[in-house]
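Listed next: structures, encoded as structure tokens.
Paired with chain B in one complex and with chain C in the other, chain A is shared by the two complexes that follow.
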Partner chain A sequence: MSPRTTRVVLAVGAPVLALLMAFVITSLVLLAAGDSVADVWAQILSVPSHRAIVNIINAATVYYLSAIAVAIGFRMNLFNIGVDGQYRVASFAAAVVAGEGWLPGYLNTLLAVVAAVLVGAMWAGIAGLLRVTRGVSEVISTIMLNAIATALVAYLLRKVAVDDGGNNTATKVVPEESRVPGIQLFGDVTVKVYGFVFLAALVGFVYWFVLSKTRFGFDLRATGRSETAAVASGISVKKMIVVSMLLSGGAAGLVGLPLLFGNDYSYGSTFQSGLGFAGIAIALLGRNHPIGIALGALLFAFLDEQSNSLQIVVGVSPDIVKITQGVIVLTVVIAYEVVRRYRVRLEQRQVAAALDEPATIEEAKA
Partner chain B sequence: MSLVTAPRLAGKRRVTPGRVLLVVVALTVLLSLLRVLTGADDLASSGTLRATLVAAVPIGLAGLAGLWSERAGIVNIGLEGMMILGTFGAGYFGYFYGPWQGVLGAILFGALGGLIHAVATVTFGVDHIVSGVAINIIAAGAVQYLAALTFTGVRGGGQTQSPPIDALPAISIDALSDPLGELEAKNWFFVSDGAAVLRALVTNLSVLTLIAILLFVLTWFVLWRTSFGLRLRSVGESPASSESLGVNVIRYKFVAVLISGGIAGLAGGFLALVASSTFREGQTGGRGYIGLAAMIFGNWRPGGLLAGAGLFGYTDTLRLRGGGESIHGLLLLVAVLLVGLAVWQWRKAARTAAIVSGVMGVLVALWFLLSDSIPEDLTGMTPYVTTLLVLALASQRLRPPAAAGQTYRKGSAG
Partner chain C sequence: MRRLTKTAAVAGVVALVLAGAACSKKSDDSASTESGGENCVEKTSDMKVGMAFDVGGEGDQSFNDSAAKGMKKAACEFGFDFQTAEAQDGEAESAREGRLQELVDAGYNPVVAVGFAYSASVGKVAKENPEVSFAIVDDAVEGENITNLLFAEEQGSFLVGAAAALKSETGTIGFVGGVETELIQKFEAGYVAGAKAVKPDIKIQSRYLTQPPDFSGFGDPAKGKTAAEGMLDGGADIVYHAAGGSGGGVFEAVSAKDGAWAIGVDSDQALTADDSVKDVILTSMVKNIDVAVHEFLKSVHDGAAKTGAQVYDLASNGVGYSTTGDHLKDVADQLEDYKKQIVDGTIEVPTKP
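Showing the complex of A and B:
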């Protein structure tokens, strides 16, 4: 094999190997528990219905935004575990702003989006500031901020909640003219793809463009790779930490918006939570690459959607796919590490071989 | 170098029975003062203190689990997941075999989580945080799946919870408990509060609580007084130097993470077996993270960790006892502490820090004066805000193990 094909095979091989391993481990769990392995996989790997396809795209949109937010931090060597808290406060703020309807129509939507980005960035900025001024690890501070966000939003929600007659405490409903219309993908089902799917695509493009094509992106990646090298080339590491934390938080602020403007239309106690942790998994799975992350988001959404009917059809708890998802995170990282070590060994061998050859020729001459 | 000086540094803050007693008395006086000043009687009742003990044990055990693994250089964010596994282990073995088997089951399941973490981080060199996050996801999913499989259709159980489990034995010394109760009811300054503290310790004390306290002593002894402990800590400070001295770094890390998992599982088991008497889904409620916070609060030392667990358990208890008023009373304490800190920092010539803590102290004092009670939702964030404050104000004085979070590969000593 030429070196280039080897590289391609290894790059594609790692995630495939990881998926296979996750598949095997999940099967072993099913086997040990006495559930039918074949039935479960037949159900999960069946062709999704039209309704399921729309649901998968919608769920993937939300996952994608969350994973991009995490990936921004990763590129800078920052671990933003706090996406969960950031999108919670941001979605709440956006819901309040949109519900008040200070501006007409889509201006109102725009205002809410801006509010979400600012609030998300601010919440993440706390962790960034603590890191640069007090040396507090962003991992710990964002975990604490997640819990604080939960309590704070629960408190504020009770303050601003409107009585809708049901049990659900929620903010004011977003006015009709500010909602984002969905896209009718199939004629035979009523569910629509979130209009904000384009927002996710735009965010993915901007992420790619800024990181790969601008001076700022280069600085950010350089700082993430080696702080000392960054300092040597005149980059202010502290500034980069705060800025990338703000960017990560701003992106995290967008996570809840497709749900808010396309499905829920208000922020309530039942608003989807836990998306931040899925984002971490997907960012790792996609290796921080905008296309890789998209594939990872689709895979996670696919597993979620296809497992929904497991309970009814096969009589197995759908939580089994959460095991699969968690295992994928581990196996992906392990597979990449194994491949990296293998590649290093391969290179060392090649270099050794290249060094060997002329030596023998010279020996032959002598 | 650091290996040589470490024990001597530790000697400065040696924990002696006399000092422990002094701290307990000082705390009692403080609580007593606070109770009299604010009029919130529940602040120091034996009921509150007993509940505090129950709330503090799982947090303390989780922190202890974190301590074991971080001292060997492995950051353990997966504590929460290992605790979740522990709750199910306790529920499964506790219901089908008996409460003591439940304790073993909890330890076993937690250690299983530890095994995954050890294989991922030590053998394969996966980033510690990544592995921890993955374990939290896997554990939550696995337990939901297993619980639905095990307890659906069992009488008294359901998809998300086990039937009631038999209780572990509890110790009560009535001969002491009753007279102390009478003393407590008199509401005398200090005497009654002292009686409440003693009464909490001799009434209905679960065996598992005792075991947890023993584990703390044992951990301190093993990690700081045996050569095994010295080697384990050296692996967390400077693995390359340890290896050059003949320590099997990989094995020590593995053992430490396994023990960490077992203790975290026990913390989860405590929730299922003692704090309530059933396994329920979502029982841990983020206590693994609070345990981590308690460990950091305690500067990676068992004594400090115990104080952190006690503090967080105490605030959690006040909240559960409808304690908006009680926690409101604590605001006064926080204000006084912050102002005290500001004065101390000012004298140390840390002017900016002093101003920040001083302003915060005044704000908290104003909050205390201008309100009667803290909303219930907000009291839940007490441990987290405390941890952030401690980290922000004292991070320069905290000293985590030097090599925590780094991946070590055999042979790196060269």
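Showing the complex of A and C:
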């Protein structure tokens, strides 16, 4: 095998290995619970309906943004566990701004997007500042900030909530002309793909471009790999930490926007939560690579979408989907490590072989 | 290597969060397939009922179970098939829509949505499927094929609040709410109004266990216990809970203190709660979701679905208070008097604290 094919095989091998392992472990869980393993997999792996395909794309859009936000931190060796709180604070802020409708039409949408990015960045920035000034681990501070975000948003939500006559507490509804139109993918279903799917794609492209093609991206990756080396080459680590936290938080601010402008049109107590944690899992799954993350997001969205029919058609608890997702996260980390060690050994062997070769030639000469 | 350890730790946490969501509820799946007692009729009806539960699903001994009970009773009487599906904590709006639509696609009609979380999705899916009858518990949604099953929780809470004020010896009573939503605030508002009607200077301690979107306050007995203990320490001798599964903790805290009483919620908890705490339950604010669901299904079965708002209040016995244990014998006359005044409109109970 040429080195290039080896690399590709290994890169694809890890996730495939992880999925197979997750498949086996989940099957064992199903067996232990006394459910029909074959029925469950037949349902999960069945071809989704048109409606489901649209839902999968939509859910993946949101997951993708969340995972990119997490990945920005990961590349810098920063563990931003707080994407969950950041996107909720930001979505709330965006919903308030959009609901007020200070500007007409899409200017209003734009203003809300800017507000979301700023608020998300600010919320993450707190953790960044604490890290550089007080040395507080960002893992701890962002977890704490998640809890504070929950309380803060709940408090503010009650202040600004409008009475819709029902029992749901929510912000003012986004005016119709500021909503982002969806894309009608199939004629036979009414659900539409969020227009913000393009925003997610753009964010993915910018993420790739900035990290791989710019000086800043190089600095960020270098700092992530080795702080001492970064300092030696003149990079201000403190500045990098704050900036990457701000960027991660800013991206996190975008997470709730496809939901806000594409489906919910207001922020309320039933707004989707827990997206930040799914983002961590997906970033790990996709190895912080924009394409890898997209595949991971689609996989998670696909599994989620099948959980309803699992209950209704097969009669199995939808929790099995959560278990599968959790198992995938663990097996992915293990599989990547196994493959990494194998690759290191392979390289060592190649280097050893390469070193041996000239020696044999010289010996032959002599 | 250090990075791997950190990555592994984070992965572990994420897996726990995901799996935690899966394990945090009681799985009582055995109940979902049983079709009730022995006096059931054979499966004769070709009606197929779908029910979409709120978070917690079947087995929460509270809200969802009450709806399930009403449906199973009707299934037994009229001999129809049913299927249930439950919500995931923190799911997207599209997931709720998908659930309802999938029940419709699988041929279920009528479809009952349990909980106000479904209000937007019921409105949307009902419009797209005009031939299917929908019912939603706990919220008002307009539509020609939608029935709203609404309850006057504040009226029932008013009566148990009055009972608490009449029975309290310390002059301080408590209220533990599960999650601070508008719905639970109705319970608090009624309770406070009832207590103040009896005794204007009464002291009332109110606590909510969690804030949305954290709905764990409906299923965390430990939180309920801590909150109730704090109130008892603060001099309260009667604690009313509207906290679903967390109520078990409230009962536990109250049973540990002599002379203190607890007030249950949704069903007659002196009958349904754990044996060790049954005797500390003064009364319960009964909310007859099962009756409402049963009546709705009966009307659909009879071919005359009642659409629009169906309000279950004191007048229609949709809400009320339980008398198991006869602890309220000495104040029964006063409570009946208040009840009469609410029914005839003399007293108007507020819905916001």
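Brief remarks follow.
Keep in mind that, in the parts below, the second predicted complex is superposed on the first by the 352 of 366 C-alpha atoms of A that agree within 3 Å, B and C clash if a C-alpha of one lies under 4 Å from a C-alpha of the other, contacts with A are read in each partner's own complex, and residues count from 1 in each chain.
Just so it is clear, a residue touches a chain if its C-beta (ideal position, glycine included) is under 8 Å from a C-beta of that chain, and two chains touch if they have at least 3 such contacts.
Here the structure is a predicted model, which means the values were calculated and not measured.
When the shared chain is aligned, chain B and chain C each come close enough to touch A:Leu330.
Legend: residue contacts after superposition of the two complexes on their common chain; A:Ile140 is shown touching chain B, with no touch to chain C. Ranked by how many residues of chain A each touches, chain B and chain C are led by C. In the superposition on chain A, A:Leu284 makes contact with both chain B and chain C.
In the superposed pair of complexes, A:Val29 makes contact with chain B only, with no contact to chain C. In the superposition on chain A, A:Asn55 makes contact with chain C only, while chain B stays out of contact range.
Applying the stated contact rule after C-alpha superposition, one finds that A:Val338 touches chain B and leaves chain C untouched.
By the document's definition of touching, neither partner reaches A:Asp219: not chain B, not chain C.
Shared interface residues of chain A (contacting chain B in one complex, chain C in the other): 79, 81, 139, 150-151, 154-155, 158, 277, 280-281, 284, 317, 319-320, 322-323, 325-327, 329-330, 333, 337.
The residues of chain C lying in touch with chain A in their complex are 3-4, 6-8, 10-19, 21-23, 27, 29, 32-33, 50, 83-86, 88-95, 97-99, 101-103, 105-106, 116-117, 119-120, 128, 138-141, 180-183, 211-214.
In the complex of the two chains, the chain A residues touching chain B come out as 29, 33, 35, 79, 81, 130, 134-136, 139-141, 143-145, 147-148, 150-152, 154-155, 158, 277, 280-281, 284, 317, 319-323, 325-327, 329-330, 333-334, 337-338. Taken in their complex, chain A has these residues touching chain C: 49, 51-52, 55, 58-59, 62, 77, 79, 81, 88, 139, 150-151, 154-155, 157-158, 165-169, 190-191, 259, 263-264, 269-274, 277-278, 280-281, 284, 304-305, 307-309, 311-313, 315, 317-320, 322-323, 325-327, 329-330, 332-333, 337.
Partner chain A is touched in their complex by these residues of chain B: 75, 77, 116, 120, 124-127, 129-131, 133-142, 144-146, 148-149, 159, 286, 289, 292-293, 296, 375, 377-378, 380-381, 383-385, 387-388, 391-393, 395-396.
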